[in-house]
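Next come the structures, one after another.
There are two complexes below, and they share chain A, which is joined by chain B in the first and by chain C in the second.
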Partner chain A sequence: MSQTLAIKTEHLGRIYQIKRKRGESGPATLVALEDVNLEVRQGELFGLLGPNGAGKTTLIKILTTLLTPTSGRAFVDGIDVVENPQEVRRRINMVSGGESCGYGLLTVEENLWMFTQFYGLDFKTARERIQSMLEVVGLADRAKTKAYHLSTGMKQKMNFARGFLNDPQILFLDEPTLGLDVQTSRILRDFVKRWVRERPGKTILLTTHYMAEADELCDRVAIIDQGRILACDTPANLKRRLQGASIFKLQTTPLDTLEHFKQLPGVSQFAGHRRNGHTELNFILEDENALVKVLDAVQAKGGHLLSLEKREPTLEDVFIHLVGRGLSDEENPT
Partner chain B sequence: MKNFRRELMVFLRTVIGRAYPRLIGLQRERSWLFFEIFLPLLGTAAFVYIYRALGAKPEFTGFVVLGGAMTAYWMNVLWSMATQFYWEKETGNLALYLIAPTSRMAILLGMAFGGMVATTVRALAVLILGSLVFRVTFTVSNWGALLLVFFFTLVALYGLGMIFASAFLLYGREAWHMANLLQEPVFLLSGFYFPIKSLGFWISAGASLIPITLGLDAMRQLLYPQAGWGFLDVGIETTILAVLSVVFLIAAHRMLLWLENVARREGRLTVRGQ
Partner chain C sequence: MTVLQRESWRESLRSLKVATWLGWQIESNWTDPFLFAVYSLIKPIAGAMILVVMYLVVSGGQTDNPIFPYIYLGNAFYIYVGSVLMGISYAVIEDREHYGVLKYIYVSPIQVYFYLLGRGVARTLTGTIAVIITLVFGVLVFKLPVNFLKMNHALFWPVFLIGLAGLALVGILLAGLTLITARHNYFMGEAVAGALYLLCGAVFPLDVLPKVLQYIGLGLPMTYWLEGVRRAMLGTSVSPVLAPFTHETILIILFSSTLCVGAISLGFYRWCERRAKEKGLIDMQTMY
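Up next, the complex of A and B:
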């Protein structure tokens, strides 16, 4: 007998109606998701990797019953999210990174207790779970602190703890470590890994634009861009697609234009951006000989090489290979 | 049966859970005592002095004090329940409420119960202090009828508040403006500071859709049977209030479901700053 999938989407699409600017004609719409087909198995820690605006949060909103799709269907634990949202809600929870929850006048544990009541948890169970989650996120000593006295990071930790309190069957983590310090992020990532491993059948869908996070945590990763799933496989298999390719990262003095690097012979894919007073160039080359042409081009543009590194493929390289730009290129486009 | 019991437990726990921040807030932020007791009394006093200057009968002072007390419930419905979804949306709590397997009415009811404590203190303060300061005497002719009218008035009023609250699932600032617009006209149409009969039959009949209109009128008749300013018979008014209670609660349930679905379709359920 086949096992019910934790998450399944069939040709899922979402189009937003947007306000048309004065003088514009034609349809005023924004395609957030297009023909998304995903299958997430129970017990998987599944990652959705893509840049800002790729459609990750839209997909999560549909799966958590906050938004309906404009086409296709979505199922959570075998239940249609449009037909029977209430049944879906019994099985899920969601944590959005960068968000806090509750009320400033309540203490940390009071806020968490309030949320347990929306899931009908009895007092004893609620207290035990709150206690244990506060220890996980390192807020045990702040249990009696009013939320308005907490720092932003602490509020985020409280919100992270909230997501686990109803012991959901399927948990949606939308950029859960956004804005958190390195040490806290590591603690939360370790807990997420442990939570799935120690509880057979529990599933996590994690969206992130941190490649390392997806690489470290996820059993499988789907790469999403402009509302479409471009690839879906284990991180190792995704990286294997680039086996044989030569991947170089160069740092140079600031360069004015980067567009011409794409046209160089032997350059399979290129992404670059300016950062902290230098320019970072990432190349996927057909073979190593093409590097000479790249270095000549840098010199021709008046740049000086600061560092050169040949490295193993990462998920970012897979993304560049699939999309033709880096995950963080929106802020500093090539 | 098991499902019903589970649903009921979640409903009740949600009510308690959401009432808790309001109740605990009363203890931790005590400035409300000043704003909720002293300031409303000033508004009531102004109308008392107007009636006295005009040489109105002493019952009118009682009408005003009672109206001043009931104002508290209207304000609570409008600002602490109906518009609360606006703030919940802005702070991100609304999305967390909506993904929980609980009733939206339970959340609103929790807000209402939590807020009702402060509101009742305010209403009692206006009633007691107003009576002492302005030497108002109430003679309750029928305690049972009075409590029944008060109960139905509140149920219908909070049902109406839930209908308003549903608008915030879809709208943001637009619904906020609507709430702002509602405050003063309801003061007038419900006859907070004068007997509603003076507005004439048709306007009074229209205003009776606001539960507090008939509630106040019936309570005034029960407290001052000899005054002769009643709009309809108390029995009729109580029946209408009972009907309004049922109608508004059912309408609120449907409106919450309907507007939530529309907002989910249009993608406006969690949009902030709209």
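Up next, the complex of A and C:
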């Protein structure tokens, strides 16, 4: 007998109508999702990796019943999210990162208690879960603090704790560590991994633009860009696609233009950006001999080589390979 | 009753209970209890005094004119319009724009009508305190001819409760409008409350309005609510337009117009919710 998929989408699409300013021409629509077909199995920690604006949050909003698709269908635990949203809500929860939400006049404990009651938890279970989650996120000593006294990061941790209170069958984590410090991000990632491993059958859909997060946590990863799923596999299999490719990361003194690197002979894919007073260049080369041309080009542009590293493929390289550019605005959380 | 229906009822009761608790926390927690008590006492008296002073200046101090208790009672009970109607519709603004939690509430298995009604309960309670204070103040200071023990309770309680239900339903309609109209909605509740103040005979009998506005007023459940409350407490009607109606007729019109408003409000809210989901407005923060 086949097992019900935790999440399934069929030709899912979402187009936003955009208000055009007076005198502006061009399309008045934005395609956020296009023909998205996904199958997430029960018990999986599934990652959706893509840059900002790729459509990750739109997909989560549809799956959590906050937004209706403009085409296609989506199912959560076998239930159509448009036709039976209430039944879907009984099985899920969601956390969006980078937000400082919550009722400022309530204490941390009260904010969380309120949500346990929406999910119908009995008093004892609610207390236990709140206490345990507050310990996970390091807010146990702030339980009686009113939320308006919390910093943005603390509110974000409170919101993270809220997402786990009902022990959902399927949990949607939308960039959960966005804006958090390195240590907290590490703690939360460890907890996410442990939570799903210790609860067979529970599923997490995690969106991120941190490749390391996707690589470390996820059983499978779908790479999404401009509303389309470009690839979907285990991180190891995705990286295996680049086996044999020569991947180099160079750091140089700041360079004015980077466009010409794409045109160099032997360069299969290239992505580069300026960061912290230097320029970082990532190359996927057809063979190592092409490196000489790259170094010549750096010199010709007046740059000086600061470091050169040949490395194993990462998910970022897979992304570069598929899209032809990097997750340029990412900040590595590790 | 099926398992799903039982679950829906449980969710409805939970939504109502938790939202009532939440509404009360928001309503009462912004200051210390003493200041809250002082505010709750002074605000309604000050509100009533503004109208009373205006009336006394215009009438030359005639508190024995039957129009005085008409105005005073209408104004006192009108406190509910602001409290219930805006208490419910502001819940959407507060949750979405101010606290940023509306999407999390929507993702949880609440029954949204009950949640909204629950958010209105706290404002209704504070409104009730304000109405009682205003009435007691009127009886003690202006010798308002109201005897709380001898008034027509058989008329008062059904009229009063149906009227409150009607206000709550209009509140849900406004909450729906709030879902799809983003940042303009702060004015919406006040605009509707202001229009009702004029049209449902809160301070002037309907007779002083132009014919067109009189007809609009006669279509509003709040008109019959205030008329019924006045009749129950004062024993008479001073509005020539409404005087021909018997108590029973007032009650029947109030009940049926409330049913109509209810059907329109609940349907309208569902439509707005669908539009909000289509346009991605449930988690939109627009208060910039």
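General remarks:
Methods note: the second predicted complex is superposed on the first by the 321 of 334 C-alpha atoms of A that agree within 3 Å, B and C clash if a C-alpha of one lies under 4 Å from a C-alpha of the other, contacts with A are read in each partner's own complex, and residues count from 1 in each chain.
Methods note: contacts are C-beta pairs under 8 Å (C-beta built on N, C-alpha and C of every residue); 3 or more make two chains touch, one makes a residue touch a chain.
This one's a predicted model, so the numbers in the text were calculated from it and none came from an experiment.
After superposition on chain A, the partners chain B and chain C are seen to clash. When the two complexes are overlaid on their common chain A, residue A:Phe319 makes contact with neither chain B nor chain C. In the superposition on chain A, A:Phe164 makes contact with neither chain B nor chain C.
Looking at the shared chain after the overlay, A:Phe46 reaches neither chain B nor chain C. In the superposition on chain A, A:Phe270 makes contact with neither chain B nor chain C. Shared contact residues on chain A (touching chain B in one structure, chain C in the other): 16-17, 61, 64-68, 86, 89-90, 92-94, 96, 99-103, 105-106, 110, 114-115, 117-120, 162. Listing the residues of chain C that touch chain A in their complex gives 7-8, 10-11, 14-15, 17-18, 21-22, 25-26, 29-30, 99-101, 103-110, 274, 277-280, 282-283.
Interface of chain A with chain B (complex): residues 14, 16-17, 61, 64-68, 86, 89-90, 92-94, 96, 99-103, 105-106, 110, 113-121, 146, 162.
Touching chain C in their complex are the following residues of chain A: 16-17, 61, 64-68, 86, 89-90, 92-94, 96, 99-106, 110, 114-115, 117-120, 159, 162, 166.
Of all residues in chain B, those touching chain A in their complex are 6, 9-10, 13-14, 16-18, 20-21, 24-25, 28-29, 91-93, 95-102, 107, 261, 264-267, 269-270.
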